[in-house]
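Common to both upcoming complexes is subunit A, partnered first by subunit B, then by subunit C.
After this line comes the complex of A and B, so read on.
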């Protein structure tokens, strides 16, 4: 078990993010604390991805404030993100992981061994030399996860890590996420899969049209949602 | 056809005169491609990764320069290197060096434009990941050039194909001097006009074989790239 990341808590204080005339995040105030995974849910275009990217430090707020462990700017060394459609570097699977290790500053002599361990952790043992772009969808997601873990992050952001994967591949990813979280890594992820939110979440954040609707411990969210939107969402009604 | 037969004999017998011409052609074009790569790859990569006012215009002009007429390049380099020209005191006119300069000017835009396209496409794909991995600017450039290396070698071969096949630039600045600046293409032009068809046809055969080998190389490199990098 590792100590909580220095970057925690991540605080969003009245964060607004706009792109041209479009408001993507609209006055979001949120605290991401150490502990079980925080799972963002909500319809397409709710702002989940942008919230993740802002928390990673990739998108600056148009107004408002994001702080990491109380600091307004923070080296992203202890954070890693896996995008919804991860780009595979034109290298072997092992080469992709070794590249991430190099970018994270690991000396060359240690990379090979560490890459092998990471590939084994995500269940890709033996695929070291396979071109990454020739892997199946599920394998590519797992490789992207290994690449993110190569940074040895204290906080791991996952943007719909199992979108368009079959149940077996989804389970493989969820098992890794559970193991990583159990080690003390803070996982922040978004998903469209309510079952997945139930299985993994410590707390659930419901987003709708750029606004934060509800941020509640998972058990409570699914049993007694506080807001009308959450009630609808949990009941499987379409939130539009 | 007796012309064809004696041309073939010339090629197969390894005629020293013909061999010297082929050797000079390859030397000039390969050297030009080397210099053009040293200029074109960094310029192309820089253009792919920077944003400035007028960049679009530069890209359009660079793409247009890919189709630069060799005779015009030859004329420009001729004016530059001629006795009364700005670089006349170098005394390079009608030397192999002048031919290398002309072909470098001809090939560098091709390599730069193809590099720009390749690197820019790859950057679109890689941008989010490399940013998230906190990869610095210089490391990014090396990553993109390395990961695009198979496409870039194809660009170099395209440049070499262009250099090896052109006659307009080198005949003007080289002068087609026997045993000194005579290459395959200039010799073919001269021998044809003189009516010595066997030598012209023989050189033509050699040139076509070289072009086929280049394309086979490009094909092989592409396949290898797919195998290793996907």
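After this line comes the complex of A and C, so read on.
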């Protein structure tokens, strides 16, 4: 059990993020509060990844306000992010995790034990010495998750953690996400998999063309979507 | 040294030139408040909204209600925002505060099976009730999800009943790490006790064999009030900015911001600024 993460809630108030002439996020107001996972869904280019990066603190808003637990700047030492295509370091699986532990400031004497525990948490026990780049796609994704967990984050951002994984590998990731969430880590993830959103989400945030369309508790989102866009999206119609 | 001074001067000049208006307008107040408003994340939710609207930065000192009022008494805060009506009224009577405004409340009830294995039904003392549940090892479901309700439950065990629940819990105490609805469902299925906020209990459909066992203990009821620290006693109090914060809290906009703060879809605080008896 951990106390509520000091970085929560994360608030977006009228946040705009532009790149040149392109508006990526357009007036997004959103509260990411503690509790069950927040799942971002929406078509490609909707702004999900940018929203995730802004919540991590990697991209400053062009206008508007992002705050963590009420503060306008916050050292991201209690937040971790896993990108959609994680890069594996050219070393063993264990070496990848130990590197992340070193980067998080853990003393050398403790890294080995902790790395072993993290590998076991993501179901990679015994693959410690395997070169990371020889792991399967699903295993690499789980290794990336172990690295993200290395800094023992209070908030974990996952950018499509199961894109292009098969059902078994997807389930393995979802089980880890569920376990991590149950021990009090706030998970914020984006996905294209509506089934996954249903399985994991506490609340669902639908993005479209840089705008926030709907932010609703998951059960309500799938049963009685408030907006036409959400209804279409849930019904499997193309949202373009 | 000279070089460093030059550098500092240059940086300062640049800051004034580029950010001049911002520096000139930087406005902030200090609010002395309780840990519940801070830990529940409510401040993290409403203060950025207030800042966006007014440009006023609110610095929060979160302590127990008594300490929070003492901070006000020393003049170390502009506004106090706490939940202990009698202590607040004493604060006013001492001339330390200007006026008390009710802001919001939350209220918890202990739910249990009608068969009442711990024999606590109808008790008015939640502390004794919890001690009896532990003594009889009656099943108890804990949210275990760090929600406001869960934190309130932990405080009742640890602080009020004097039971270190992490250490003393047995198989009778089950932490499920889920929302209020799930906790009530689990309690219903396993004939267990559970602490719930009243709102969720009222709207809970699967009551089954459950009923309210203990309610009405003042430990279960939190009315929050806000007061400006008296500028006549403490001339350094930022009277106008502090009052602006209070006015916003009790305005329809501030009240809506409070109502909108939810965890797992569950509202934590109920605005009631219009209830002048609260």
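Here are a few things to note about the model shown:
Keep in mind that, in the parts below, the second predicted complex is superposed on the first by the 240 of 240 C-alpha atoms of A that agree within 3 Å, B and C clash if a C-alpha of one lies under 4 Å from a C-alpha of the other, contacts with A are read in each partner's own complex, and residues count from 1 in each chain.
By definition in this document, a residue touches a chain if its C-beta (ideal position, glycine included) is under 8 Å from a C-beta of that chain, and two chains touch if they have at least 3 such contacts.
No experiment lies behind these values; they were computed from the predicted model shown.
Three-chain overlay on subunit A, with subunit B and subunit C fitting side by side and no clash. When the two structures are aligned on the shared chain, A:131 is found in touch with subunit B, with no touch to subunit C. After superposing the two complexes on chain A, the angle subtended at the C-alpha centre of subunit A by the centres of subunit B and subunit C comes to 130 degrees, rounded to the nearest 10.
In the superposed model, A:166 lies in contact with neither subunit B nor subunit C. In the superposed model, A:33 lies in contact with subunit C only, and not with subunit B. After overlaying the two complexes on the shared chain, residue contacts for A:202 are found with subunit C alone; subunit B is out of touch.
Within the superposed three-chain model, A:237 lies out of touch with both subunit B and subunit C [touch as defined at top]. After overlaying the two complexes on the shared chain, residue contacts for A:175 are found with neither subunit B nor subunit C.
For the pair subunit B and subunit C, the least inter-chain C-alpha distance in the overlaid model is 22 Å. Contacts of subunit A with subunit B, set against its contacts with subunit C after fitting on chain A, share not one residue. Across the complex, subunit A meets subunit B through its residues 56, 58, 76-77, 80-81, 83, 86-92, 99-100, 103-104, 131-134, 147, 151. Remark: subunit C residues 39-41, 43-45, 47-49, 51-52, 58, 60, 144-147, 151, 166, 175, 177, 179, 260-265 touch subunit A in the complex. For subunit B in complex with subunit A, the residues that touch the partner chain are 122, 125-126, 128-135, 139, 143, 147-148, 227-230. Touching subunit C in their complex are the following residues of subunit A: 1-4, 8-9, 11, 13-14, 31, 33-36, 65, 67-70, 72, 182-184, 202-203, 217, 220.
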